[in-house]
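Below, chain A partners chain B and then partners chain C, in two separate complexes.
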Partner chain A sequence: MRRPIAIALVLLSAIPLVVAVAGLPAHGDPSAPVHTHVSAHYIERGAEEAGATNLVTGVLLNYRGLDAAGEVTVIFTALIAVLAILLGTGTTPESTASSRGASDRRGADRESTVAPVSPIVSFVVRLLAPFIALYAAYVILHGHVTPGGGFQGGAILAGLFIALAMVLGTRAMQPVARTALAPWLQGAAVLSFVVVGTVGAFLTGFFLGFPAEPPLHLVRELLIIALEVGIAIGGAAVLATIFLHMEAS
Partner chain B sequence: MYAWPHWLALVVMTPLAGAALTPIAALLDRRSPPWWALATMTFTSLAATMLVLRVFAEGPFSYLPGGWAAPYGVELRFDEFSAVVGVICLIGWMAILFSSRYTRSLPEFASDRSPYYYALLLLNLGGMIGFAVTGDLFNLFVFLEILSLSGYALVAVGGERIAEMAAFKYLLMGAVSSVLVLFAIGFLYGMTGTLNIADVTARLGALEGPTAPAAVALALLAVGFVTKAAIFPLHVWLPDAHAAAPSPVSAVLSGLVVKLGVIGMIRTYRIYYGAGLFDLTVLNHVLMWLGAISIVMGAFFAIFQEDVKLMLAYSTISNIGYIIMGLGLATTYGVIGASVHIFNHALIKATLFLAVGAIIYRTGYRTLSDLRGVGRAMPLTSVALSIGAISIVGIPPTAGFLCKWYITLGAFEANQPLFGFVLVFGALLIFVYYIRMVNAFYFREPIHAEVTEAREVPVSMLLPTLVLASLCLIMGVLGRIPLTFIEPGVVRLLAPLGG
Partner chain C sequence: MSLTFDILLLLYLVAAALVVAQAKDLLAASIVFSSYGLALCLLWQYRGAPDVAMAEAAVGAGITTVLFLVAIGRTTRREK
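Moving on to the complex of A and B:
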């Protein structure tokens, strides 16, 4: 009895949403406010003002840089949440390793728990790995010119880590998730916004400001690339670490 | 000194940066996370103090990250309501200090978790601060997600029996309400082409064509934020989540996080009052009634709780009811009372949860019957608890009195005397269940040896409790200061844009 009532309520509450969507300006209407107000300014002046030929990157990292800082913090929060809940419950490699000092034995178990993969798949993954890495680097570093950027490149990089972990065992991901370097990598996105934002504050007088005047506009390019790289490293480390903990539990 | 513009950027970024650095600090020294978090919040508190001083002296002001003018970039805007960052910093600081000892006693709280616990607390506080000071709708949503996500995890982190289930329930309700808010922001963007709150207000006021999306957006924002604020009947996630969380986390969740739903509601009202697009009487009536029902239901459920923390959690629903009712009254007195109750209830509820946390820490019991006679064993903590109890009932001269008095005045000003009576009736119910607690703690014979042998908690736990308790008294005596402080903000909130 509860199920039909719930379905009926959901359908009922969909009606005002549908009506409201119908009341919005037509899709693609050039006179709609979404095309004439703020975005018109971005399209007209963005490439020149924000220093990124890819307007999306210009809006993401420059005009609305604080949003991007918040977004990478959300991703970081997700990782911290996963670690805070899973650690210490005896289901993760970390807790067992540090509480019993048996990381070697655990590591050996790990080798044997790798799912059996066909040698062909294993070979193809290893063969493609450098090319995937190169593609990720291209997407990250070219993000301010062509579609792409730190978020997308970071996801490709994480995909590479995960594919390698499937065929080589999670040992392949040790540096990302288990060493003293790990927390730096995991926090890289947030920290790069803090550092770049502070540098921007010294150069322009505004937090997350990018200098636009001729002598310093090369610095702007570098700062944007630094952000892209930071986002990519942070994003990849977060995804890879979460995967590792899901896999372990 | 307070005129330095960068305090506004620092108050947002410091806790977030501190959180990212907490696991790194833990690598250098395993015991450092609480002290690192404390240092971070100390600096954030300094920035918050400067900001509150500035808004007191100059009125609202903005900061433009990246230097982009308002509708093109993200604007940070600090107004009278943003002054809630002061109380966020204060309670956050106290909760972290309290945690430094408290978390050692938690079941399953292996020391591995410690850096992540403090990182989550900092993220939660930073998310709340960002939410309170942003002047941009999408930025508001981003900070809402930071504070919500970290909130869900903080409930589960203590590893109590029902904590994971409670956190999951909280996650489901919270995620749905976040989606509603995001959907509403999408509607507003589709209609106005901008995300800046002031710009949305102005362009919504000049809107031509169908207004249905704006109306639905208002409904979605109201439902979304009211769920975050835990108003009846959308409160179901709150009692378990707040009772199962570690006590310092309960203080933060109950004292602060639910209030951000109210701040979101105030921002929504700012847009719609300012735009003058709709007559908001219906919404106001709905909020008044829901507030009134929450007051009575929250208090009613609280009376029947044996578990002290569950009782406090239900009492939060009741008190949020006061605030939402005050907002719904939409009169100057009512909204001033509601806004100041955001501050005062935060202080009071944090006092109560920390005091109860200290008692649970020492005795290991959490029900009224088990805790009989604890007042004699832990006199200082119990005095703090009693001050909190008296304040929350609203007996003068404590912090709870003036704001409830103002909300009552607001009810009569709005010609709704019924709601004034509901408020007084609610206060009586609250009085009943807190008198039960005080009675059990002071006047009943203890039944457990642990309770009679309990000693006072260490200074790092006692100090935050006592400081917050004395603030409950001080804010009662100096109660006029926040009332006059918030008044220009309230007058601006209720006025349509441009006269």
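Moving on to the complex of A and C:
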């Protein structure tokens, strides 16, 4: 009885969706509302106004900088929520590490999720690691010119950390993950927005304002790069921390 | 050509989504979901959104899958 009702409800909600999609303007239609509102201005003047040849970065960090600040705050809050759940179970990485010493006699010291890592995977990951790191740095630092930026580069960086942690064992990450530096890395995205926003407030009078006058173009570019680097470090640290805590719990 | 590629990718996305929803083996579901992310990444790139495509490839196809796999490793593989 419940199944026919469910199918009927799905169909009932699908019909208005399909009708709504059919009513959208054609893909790439120049007279579509999305192309006649603010985006015409962004495309025409965005590169010089926002200081980023990549218009996506220009909109993300300059025109809509406050939205991006909110976004990184959401990511940081998500990390706090995940850690609250994982650490709330009572098995912190520290306690696991200390109890490990006692239970190591069984020889069941799990260094990674996947049982013994094959030498081929291990070799390939270690061979590719520097190239992935270089690519991540390029995506982060070149994100205001070409596609990419802090979010994407940070995710690539986090992927590299996770791959290395799986091959070398999560203990290889502990010199970074266990120091007083770790919270600063996890909060780097939010902190960079606060710092850059305050600098912008001194320069232009608006929080997260970017100087638009030609003599300060270098400052504007540096501020954008500072934001990108902060977002990347924060994003990578958040993703890697979630992975390390899931591994350890 | 372009429309064919779009339709193929979209059909694959629908098929992969159905497989993920129906699969009882969570490991298989995670891996199919990873391929879903990769197909979506191709579609973004093809539709002219390389910024989104990069994020989708790194997060959707990569890190999400790893986190799913870790979670499965901590629980059970079969859906009851």
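Here, the second predicted complex is superposed on the first by the 222 of 249 C-alpha atoms of A that agree within 3 Å, B and C clash if a C-alpha of one lies under 4 Å from a C-alpha of the other, contacts with A are read in each partner's own complex, and residues count from 1 in each chain.
FYI, a residue touches a chain if its C-beta (ideal position, glycine included) is under 8 Å from a C-beta of that chain, and two chains touch if they have at least 3 such contacts.
Given the structure is predicted, the values throughout are model-derived calculations rather than measurements.
After superposition onto chain A, the partners chain B and chain C occupy separate space and fit alongside each other.
Of the two partner chains, neither chain B nor chain C is touched by A:T170. Angle at chain A between chain B and chain C, computed from CA centres in the superposed arrangement: 100 degrees, to the nearest 10.
Annotation for chain A, partner touching more residues between chain B and chain C: B. Once the two complexes are laid over each other on the shared chain, residue contacts for A:V56 go to chain C alone; chain B is not touched.
In the superposition on chain A, contact of A:T241 is made with neither chain B nor chain C.
Legend: residue contacts after superposition of the two complexes on their common chain; A:P183 is shown touching chain B, with no touch to chain C.
With chain A used as the common frame, the shortest Cα distance separating chain B from chain C works out to 16 Å. For chain A in complex with chain C, the touching residues are 54, 56-57, 113-114, 139, 147-149, 151-152, 155-156, 158-159, 162, 166, 239, 242-243, 246-247, 249.
Partner chain A is touched in their complex by these residues of chain B: 6, 9, 12-13, 16-17, 19-21, 23-24, 26-27, 63-68, 71-74, 76, 108-110, 112-113, 116-117, 119-120, 123, 126-127, 130, 136, 138-139, 142-143, 145-146, 149-150, 152-154, 156-157, 159, 164, 183, 187, 189-195, 203, 209-213, 215-217, 219. By the touch criterion stated above, chain A contacts chain B in their complex at residues 16-17, 19-25, 32-39, 41-42, 62-67, 69-71, 73-74, 76-78, 80-81, 83-85, 87-89, 94-95, 98-99, 180, 183-184, 186-187, 190-191, 194, 197, 200-201, 204-210. Remark: chain C residues 50-51, 53-55, 58-59, 62-63, 66-67, 69-71, 73-74 touch chain A in the complex.
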